[in-house]
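Letters A, B, C, D and E mark the chains as written, and numbering starts fresh at 1 in each.
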Amino acid sequence: MNAVEQALSPKAALRLISGNHACALAAVAAGCRFFAGYPITPSSEVAERLSQLLPEVDGVFVQMEDEIASIAAVIGASMGGVKALTATSGPGFSLKQENIGYAAGAEIPCVIVNVMRGGPSTGMPTRPAQGDIMQSRWGSHGDYPIIVLAPASVREIYTETLRAFDLAETCRTPVVLLYDQVIAQLTETVDLADAKDLRNAERKWASGPRETYQPYATGEDGIPAMSRPGAGYRVHTTGLNHAENGFPTQNPEAVARNLGRLLTKLDRHREAIDSWQAIGCADAEVVIVAIGISARAATRALDLARARGVRLGLFRPVTLWPFPETALREATKNARAVLVPEMNAGQLSLEVERILGGKRVDAIHRYNGEPITPAEIAERAEALAKEAR
Amino acid sequence: MIVDSAAEFDVREYLRMEMMPHFLCPGCGHGIALRALLWAIHELGIDKDQLAVVSGIGCAGRLSAYIDANTFHVTHGRPLAYATGLALARPDLHVVVITGDGDCLAIGGNHLIHACRRNLKLTCLMLNNEVYGMTGGQVSPTTSESRLTTTTPLGNAEPNFDACALAAAAGASFVGREVTHHVPKLKELIRSGLAHPGFAFIEVLCDCTEIFGRKNELGSSAEMVLRQKSDLRPSAYRDSVDTPFRSNDLPTGILAKTDRPEYGAAYRKAAAAQRASKAAKASTGANKGKA
Amino acid sequence: MRDARLEIRIGGTGGQGLILCAKMLADALCTTGSRVAQSQTYEPTSRGGYCNSDLVISEREVDFPLATALDCLVLLDRMALKPSLPLLKPGGLVIADTRLCPELPAGHYRLHHLPLSRRAIELGSERVANIVALGALAALAGICERKALEHAVRAETPKSFLDINLDALAAGYRLGEQATPTAALIFG
Amino acid sequence: MHAVPETVELSKRPDQDLRPLTGNEAIARGAWEAGVRVAAAYPGTPSTEIMESLAGYPAEDLHAQWSTNEKVALDVAIGASFAGSRAFASMKHVGLNVAADAFMSQAYIGVNGGLVLAVCDDPGIHSSQNEQDTRIYGQFATVPVLEPSDAQEALDLTKLAFDLSEQFDTMVIVRGTTRLSHTRSPVAIGPRTEHPTRGFLENPAKNVMIPAHARRRHVAVIEREAKLKAYLETAPINRWETGDASFGVITAGTCYPYVREVLPNASVLKLGASWPLPDDLLRRYCASVERVFVVEELEPVIEKELRALGIKVEGKQFFPREGEFSPEILRAGFERAGVLEPRAQRAGWALEPLARPPVLCAGCPHTSSFMAVRASGARVAGDIGCYTLACLDPLRGLDTTVSMGSSIGNAIGMAMAGDTKPVMATIGDSTFLHAGIPGLINAVYNQANITVLLLDNHITAMTGGQEHPGTGKTLRGEEAPKVDYEALVRAIGVKWVRSVDSYDLAQMYQTLREAIAYRGVSVIISNRPCVLDPVKIKGPALAIVNEQCNACQSCMNLGCPALTWGKDTFEGRHKVKIDQSLCIGCTLCAQVCTVDCIKPAATVAQ
Amino acid sequence: MSRPTASTSSAKDGQLRPTAAAAKAREPMNVLIVGVGGQGVIMVSKALASLAQSKGYQVKQSEVHGMAKRGGTVFSHVRFGPQVWSPTIPKGEADILVALEWAEGLRWLPFLKPDTGIFICDTKRIVPPFACLNRRPGAPLRYSRETPAEVRAQVAEAYAIDATRMAEELGNERAANVVLIGALSTALDFPAGDWEKSLAQFVPKKTIAVNLDAFRLGRSWIEEARTNPVVTEAPAAKAAALAHVPYSVRLEITPEWCKSCDICVKLCPERCLRLNAERIVELAQPEKCTGCRLCELLCPDFAIRVHLDSAVVAIAAAAQETKA
């Protein structure tokens, strides 16, 4: 029994584990056999853990010379048909953006963990923040689709990591696992017993004769079948705009056709992609929309407020991007106001405002490295509820 | 023997014919270097399906598109990093990197030195034409001093890299340099590089006639091809009678070769050893338990 | 619901093994069915600077995993005093090292001034002060079974340190069991 | 090829002694013994060693110089004669063409100090562009021509020529041939006789050739011819050797020993001067034999004169008008004429002789120049010099070669006539100074669109390495001002001038192409010393790494004599090997080698 | 010794009187020394002429200059005797032919006296560039094919000496000509000591010792060869096995790929390519193409493919022939 099997054995189902370690464990469980990274606080434990785990499963861990090299190596490994992961934090995430765009454009599956810390720039390496919400969606240039998952607990890091690989592989897209420093380095008791029901999805591999194979031609699902090097297809992969045959083109029709397909491909898989949690929203006067540690504080705030007779609800997008818009509208349809507590100067609230156009949206913005406390949320939400009555 | 297979090697068997003719300028040395690469691949009998070519951005980066193999045209400066991932994940593939002087030494310089140090089995073919050709002729890390480029209108004042010395200093276990005029020799060098069980860095001095040559009045392609070597004066000619007339002295051929352990194999070996030792422990533990 | 939540902080300086002892405690609690969230400060000056390790213990899944109101505070250095004391619940339990945290301001808490580090020195290594503190905390707070804690200490200790750690844990338990509050509840 | 030391020693020992001298050395000795004061020449095979040999005599005895061309050399000698000193000029047959203008006028003027012109013909064309017969020049200008038959006579007749010159107030030609020049035989030498300067003779009517003076001088020249004829009737330089009266042979110069070789006992009239001819002597001799044969190399000069005298002679119907004579040619002629029994023909062994034409030396800098010339696709007017050899395979770099300095004028004409190819002239440094400069001036003046490749190898290489005004040294090796070609060319008005090291093949290719692209006169100075002179260059030899050679023949294309085929082949083509005793390490082959298999021999396992 | 000229005519009464020509006393000795420029032919002939002159003979030594040092044929006629007329030796009259190079020796063989001539020849082969002009596959080396054995059958007395190797073994390749002088000395009546004295005047001071060794080696070699014929074949004389391999060179040009860069045209060793009116490469002189593949290898656009048709068959055949 190797470390992974041990970790996943029923006896060990209930265990104490940190967020970053959960991510590492889940990655291996999801079939990830390649990790490339560069040390950066507060994500390094993912790398450290995988450096122990991957050799156990005949996978490869490599510490690269920088974050750019890390994402590049990850995409390279994935081009080779191997599920691959990298993990980083703000400054490193910034460095990775060009190549994330490449992975999106060339439709190479990969998973990128971004543990959010204070910013901008080097910011506060050991303090939590939630300032990469927009970057995770729009970080690379040009238009491209991407999936961003925002787990709020150690257990969810585990499950969302599994899901990240599933989505990356099935949708042929980079998936960002976005969580904050608190969750990353928090050690929690988690029950992994019910998390073992993995889909462990495989990429859609090319089949059929080489002569008729078009690397970027798709069927209804909008996801092209990928060719595995060595399988005899010998295709070209490029970051240049390309036609269905994979070769660069500047033909406007071909570019529009293929890029248009790329930009809408996730829409056809929203059922699998979308994930959220809505607590007590049905009768809530005020719905709190939050992710990560802020959502954890909000959960407690719900209890605090109910004790004082104020009905609060919580909408927590687990899939942050594409944003579960419909679910948010549904969850907030009865609420008089929405409160968005977030550890940044206003990112999630922008998206919420956009989606809920016209509804009262208030926000708590915190960027001093201190998590927003349940009491603060409760207090503001109560005030908001009273105001709205 | 370096000349043997010329007769049976038809480069077209390795080209994506639908992509031809290629987009390179007339007389571009990259085309010659590409032939040498494909020839070497042919000689080694590497299955095209098992061949992966990773290239960066620039004129050299575009070459991968013409090779009938698994080809990856990646981001600027990063082909070595992509290739590192690919080669580590897929040790069964033959991974070749085609990169240019700017791609490899400027934006990708960090990856180069670490690839040299890491010694993963990769063949890095750096086509050095002394200039950023794709972007219209800007100064590159290998542009010779005093040369004119679109960004050095006064003549390049920066010293240039000796890429091979750099790679060797960074620990590359195989370093070689050749000019395009010596196609069979270049093929042989690349072949040795491909066969080398570790990281092989090969610099090919290529002419950029249309942009660099024209700007610096270096003559036609044939003249530039000849000049590459007369300017180089490989050390072999150092003592010849024309010594006083030329100063450059860049060596060619295999310039460094060591048998350091290959990273991927070493890593896998260590991992396997660890797995074996754990399995042994586990089984003895289980036996004890039974007893 | 508030009753279902217990918050413990072990405060001191970097290098005192605060996180390790919090983890041992968390492990012990975990085996006994509690849900634990353990977090800590990661200061840029992780060696010698202020450091703490927090445990939030709950019967069900911990909602907010960070300390909001401490039930117990272990002070292994005076540095931890200032950031931690304001979080202390009224009437909370404070265990402070006599040597490294000799003076405490007046407040509404139960204070046990114990020679944790001195006892550790007597045992042969100041580095086991954290385990002494862990024993004392376990004894005074009564939050976990001694056997479970001993098991956790065994699991997390390298062989060469096992004896001294177990001795330290026992010494801590003794200190805790014999202790009477060195200061009465003070209403400031 | 420089001064012969033993001759210098001899000059210190006036007692008669036998020394092995070549004909050229003997002519020089004769001039020295005759007290010559000023001597000038332009090198030209086979005459070159005459002046080199003269320069071996003490500087206090005579001034000897290389002049820029033969006309200048003759003018220098004429000047010295004007000044009353014995003067001497030497040249090859075609050199006299260059000097002909001065020569023809000087024939009218005559001499003050004795003036002798040694002209060496080249029957058989060993190293020339034609085999013209200098005796006709003597006839044409009414200047006596003495013809030595061996080295001893070369000495004797040269000495005599000075005396005759002063006696008859005429320049005298001593005519040699390649065979005389380059045959060594024992010569009795003598001391030098000083002839103090006579001083300038102020006599404009004789010395200034305006029409009025010249008309009178022509009369004097014709009178002089009569006097010379009279002298020659009895002169001991003519020899009547008796023999069988059934036939006789009239001959002169180097034909004489061949005649004697073939007909040891025949009646022979050996003429010491082939112009003018002693009519009476000839009549008397012809009357003494039944048949008369004239044996003379090249043109039937004597034969025609005899026919003009009404004497029945036989000659050119048996002995060819072209090529160098040999005993077997004479034997064959006499056999055909029926005076010799045909020899039994032996069934010869059919041997196909190996073609071994002269080639550019290993490492010759012209090689790379002509590689580039060839690649340029230009129409090339060549000139006289080693580089004329570049017309042969494999360089095949020349389209025309006419005469010294003709290349530039020829190129101008080709360009003006609208040759579809770019037009180029290639000319050596010495040839350029000899006769190329006026052509270049003409090109600029007439705005010709041509490229001139000035092949500066720092020496007059073809004739064996003589100094010239571009080398910075005189004939005697003293420092001299050096021509700055680039400045000279610019002064002429050429705007596009570039110097290039011809060992830099790529640079050579490029410069040539750019020069051709320039509209107007462009001049490239290819600057590389000759590998033989003034010092023999020998660098580390190169060798071929045999197993790497793919027999592409790129190096064989240089035509380097150090390169040949080894025993191995590749795809049916021969692999190359380098003769290390010939290789000088110029690296040109390595520069064209497409597999980089040419390395210093020391690093190549043989 | 008197002046050798036969100029005994005298002028009397204004008329030149005839005299008898000097009778030919004895045929002179004719030695023809030949080789290639740079081999030292002139030195050999000077040494011989000097020795002959010191013995009181009339000597004529005639040679060519000029082009000779440029790798061309060099010959020197040495004639000595009481009376020598022609400076050159008539065809079929040479008593001894000394050749410093194999093909040169063959070239001058017709000058040797058919019945009594002695042929002394170095087996060294200096192959001129002209012998390699036809560079097409299978083209033979245009060098003399006759073997020493064949020559021996035709000549009265013939010696093929590997003088160059012998000199190399003595430590100075350049002394090969002196080995041949040694051989020559056995054919003439001069004492060995006189030869050595003459030699010493003509070789560089530093090399006198090695040259004297070379001389003695040449002498003893001949003496041994006379009693015990040495078989020395000209090296690789029969190395024409690969000649006439029937390759047919064919260039396959893809015109739409050619970008007119001119590299192939400029670097083709045979200059057989050109750009046509459309600036596309074409094989202008197929008869010159050797199939060297340089154009194929250096074409950046892959527009040229060289085929050596039936190459496989030909190579196989040639290999078998070599084995046989």
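Just so we're on the same page, contacts are C-beta pairs under 8 Å (C-beta built on N, C-alpha and C of every residue); 3 or more make two chains touch, one makes a residue touch a chain.
Only a predicted model underlies this, so the values are computations on that prediction, with no experimental measurement involved.
K.L.:
Which chains, if any, touch chain A and chain C both?
P.N.:
Chains that touch both chain A and chain C, as defined above, do not exist here.
K.L.:
Farthest chain from chain A, going by the mean of C-alpha atoms per chain?
P.N.:
It is D.
K.L.:
State the pair of chains with the top count of C-beta pairs in contact.
P.N.:
Ranked by C-beta contact count, first place goes to D-E.
K.L.:
Of the chains present, which has its C-alpha mean closest to the combined C-alpha mean?
P.N.:
B
K.L.:
From the C-alpha centre of chain A to that of chain E, how far is it in Å?
P.N.:
86
K.L.:
From the C-alpha centre of chain C to that of chain D, how far is it in Å?
P.N.:
114
K.L.:
How many angstrom lie between the CA centroids of chain B and chain D, rounded to a whole number?
P.N.:
59
K.L.:
Any idea how many Å lie between the Cα centroids of chain D and chain E?
P.N.:
Between these chains, centre-to-centre, one finds 25 Å.
K.L.:
Residues of chain E touching 2+ other chains?
P.N.:
In chain E, the residues touching two or more other chains are 266-267, 293, 297-298, 308, 311.
K.L.:
By the touch rule stated above, which residues of chain D touch at least two different other chains?
P.N.:
Each of 375, 509, 550, 571, 594 in chain D touches at least two other chains.
K.L.:
Hunt down the residues of chain C that sit against at least two other chains at once, touch-wise.
P.N.:
Chain C, residues with two or more chain partners: not present.
K.L.:
Which pairs of chains touch each other?
P.N.:
Contact pairs between chains: A-B, A-C, B-D, B-E, D-E.
K.L.:
What residues of chain C sit close enough to touch chain A in their complex?
P.N.:
Counting only chain C, the residues touching chain A are 1, 23, 26-27, 30, 34-44, 61-66, 68.
K.L.:
Would you tell me which residues of chain A are touching chain B in their complex?
P.N.:
Checking each residue of chain A against chain B gives 1-2, 33-34, 36, 54-56, 58, 60, 62, 64-66, 68-70, 72-82, 84, 98-99, 102, 227, 229-240, 247-248.
K.L.:
Write out the stretch or stretches of chain A touching chain C in their complex.
P.N.:
14-16, 41-42, 125-126, 153, 182, 185-189, 293, 296-297, 299-300, 303, 307, 371, 373-375
K.L.:
Note which residues of chain B are touching chain A in the complex, please.
P.N.:
Its residues touching chain A are 16, 19, 48-50, 52, 54, 64-65, 68-75, 78, 80-90, 92-93, 110-111, 113-114, 264, 267-268, 270-271, 274-275, 278, 282.
K.L.:
Show which residues of chain D lie in contact with chain B when the two form their complex.
P.N.:
Counting only chain D, the residues touching chain B are 363, 375, 501, 503-507, 509-510, 513-514, 537, 539-540, 542, 547-550, 570-571, 584-587, 590-597, 599-600, 603.
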